[in-house]
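Look at the two complexes coming up: chain A is in both, with chain B in one and chain C in the other.
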Partner chain A sequence: MLELAIGIILGCCALGAGVAMIAGIGPGIGEGNAVAKALEAIGRQPECRGTVTTTMLMGCVVAETTGLYALVIAILLIFVAPGRFVKILLENVK
Partner chain B sequence: MTEPKKSFQAADIALLALTALPIAAGIALKVLLIPASEGIDIRGAFIFFTVRLPFAEIPVTESQINSWLVILTVLFACLYLTHGIRAGVKTRRQLAAEWVVEKCEGLVVENMGEYFAGFSPFIAAVMVLSALSSLLSLCGLFPPTSDLNVTAGWAILVFILITYYKMKCGPLNYLRTFTQPVPFLTPLNVISEVATPVSMAFRHFGNILSGTVISALVAAGLQGLSHIVLGWLPGKLGQFPLLQVGLPAALSIYFDLFSALLQAFIFAMLTMLYVAGAFDYDLYVKRREKKNKSATYGG
Partner chain C sequence: MAVFDKIDPAVRRETGYIALCTLILSAVMEAVFLIAGRWGLPVLLGNILGAAAAVLNFLLMGLTVQKAVDREEAEAKASMKLSQSVRMVMLFAVAAAGVGLSIFNGIAVIVPLFFPRVAVAVQPHTPWGDRQDGGDGD
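Our next item is the complex of A and B:
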């Protein structure tokens, strides 16, 4: 019975990490749009290349934040959460 | 043109050697103290020893040691670059040092304005520390920036600076900004205030750590694949890492070199933008004039 419980914990942590990374779609689309528009701007005014690139990078970075939150949650779920949950389970079983 | 003195050159060579020494010391520490691992190995910083104080236990980890080694490297590199610096002399080393200082001051003044020109040493320090910390992974060492504690420490420092410059226009004005534009948004404003350092810390940490994790996974996957392809060969030939040649190096160029330098630049840029954005220069000048006026007329 205990093995089953631990298995469920491990499996659900892995599943949760995978589901959390669905959030990677949003920043991907957003950053793609930002880069496309920046390329259009550079095509129209090649002399603004430096400024446009810097501004685009900053925008990309801010758009990336949600994706990184999801990444941190996924990393916590894979590396930290299983140990914690199994510990809690074993303490409660005793 | 006078001949450079012998002692002068000796000091140069000593400083250059001292610049490379911390990295070598880090590699030696890693080889001697940290046990080798088999297969996929993704773990946090190794704890060298724990300092026991009456109120707490402070673990001294790999990330702290490596941070200090990076700090020493930067210190000796700065000493080497500025050794024997003189006005009007055009040696290659002095030009390099001047280029670094000028570029950094230009960047800071361009992004933060004249008022913050004194910030350029701090920004340069943040950028170099972050870049070199991340680049340590090229030497096979644990990059301190893939430890959340390190980046969180830097982000808290930036948060203190932001709050200080917001407070500079008066604590009451600072508190009032939380109720803008409508009072019932105050909780959201508090959350967005706290989210600034959190997102800064997570961004740097997440980017470096994800690079490490993906590199480790790809290397392990390629090992399995080349075992499938060459596993039937007898003896040592079966263990030949055929597919591990090349692709991990290309990944390393992106994750270790490009991503590390980009994250250092981004951390410094965000520091500049947040600190400069926190300070309302017009309001500050107005308040100071008012204060001066009341001081002259009142006294």
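Our next item is the complex of A and C:
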């Protein structure tokens, strides 16, 4: 029974990490759209290339942070959470 | 340096700004660890790893953006998506190494990954935020 409980904990942590990484798709789509719109802007006003590039870079950093949050949660669920949860389980069993 | 000459001036300037902010924030983080009495070699090594990954991530993103603006729209979108995926894998490897290996402090590796976001947030209040010309002289 204890093995099953540990297995469920490990499985749920791995599943949670995988689900969290779905958020990693968003920044890629967002950055792609930002670049596409920036290309339109540069096409209309080529003299604004530097300004548009700078603004887009900063926007991409903001978009990328969402993916980083997901990454950190996934890392914690893979490396930290299983040990903690199993420890809590074993303490309660005793 | 021929390699640096190929980098767009806007990308170079912003990467420099991000690197400077990361350096300052890293020093602040080290000071916080020191004050909390938890400073050690793993914290320093973790900070170096995390900060290097954060700046490299920004530089690679800048280089992708620089190449993407010279391409067609669909091609640029695809290259940004591919770049983001590859960089995410790189950051995952760095964060996993930081948390998994005992020579690094996990917190000291993960926290610097968010320093570029902080740098962007404070940019309007710095001399870099005043420049609106893009700095490429064209």
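In this text, the second predicted complex is superposed on the first by the 94 of 94 C-alpha atoms of A that agree within 3 Å, B and C clash if a C-alpha of one lies under 4 Å from a C-alpha of the other, contacts with A are read in each partner's own complex, and residues count from 1 in each chain.
Everything that follows uses one rule, which is that a residue touches a chain if its C-beta (ideal position, glycine included) is under 8 Å from a C-beta of that chain, and two chains touch if they have at least 3 such contacts.
Just so it is clear, the model here is predicted, and its values are computed rather than measured.
Trainee: Counting touched residues of chain A, say whether chain B or chain C comes out ahead.
Mentor: Between chain B and chain C, the winner on chain A residue contacts is C.
Trainee: Name the contact category of A:Asn33: first (chain B only), second (chain C only), both, or neither.
Mentor: second
Trainee: Thinking of the overlay built on chain A, is A:Leu77 touched by chain B (first), by chain C (second), by both, or by neither?
Mentor: The answer is neither, since A:Leu77 touches no partner chain.
Trainee: Should A:Ala20 be classified as contacting the first partner (chain B), the second (chain C), both, or neither?
Mentor: So A:Ala20 meets neither chain B nor chain C here.
Trainee: Scan A:Ile9 for contacts with chain B and chain C and give back first, second, both or neither.
Mentor: In the superposition, A:Ile9 contacts neither chain B nor chain C.
Trainee: Where on chain A do the contacts from chain B and from chain C line up?
Mentor: 54, 57-58, 61, 64-65, 68, 71-72, 75, 79
Trainee: Would you pull the chain B residues touching chain A in the complex into a rising list?
Mentor: Spelled out, the residues of chain B in touch with chain A are 42, 44, 199, 202-203, 205-207, 209-210, 213, 262, 265-266, 269-270, 273.
Trainee: Chain C touches which residues of chain A in the complex?
Mentor: 24, 27-29, 31-36, 38-40, 42, 47-54, 56-58, 60-62, 64-65, 67-68, 71-72, 74-76, 78-80
Trainee: Of all residues in chain A, which touch chain B in the complex?
Mentor: Against chain B, chain A makes touches at 54, 57-58, 61, 64-65, 68-69, 71-72, 75, 79.
Trainee: Given the complex with chain A, which residues does chain C contribute to the contact?
Mentor: So the residues of chain C in touch with chain A come to 8-11, 13-14, 18, 57-58, 61-62, 65-66, 68-69, 71, 73, 76-78, 80-81, 83-85, 87-88, 91-92, 95-96, 99-100, 106, 110, 113-114, 116-117, 119-120, 123, 132-138.
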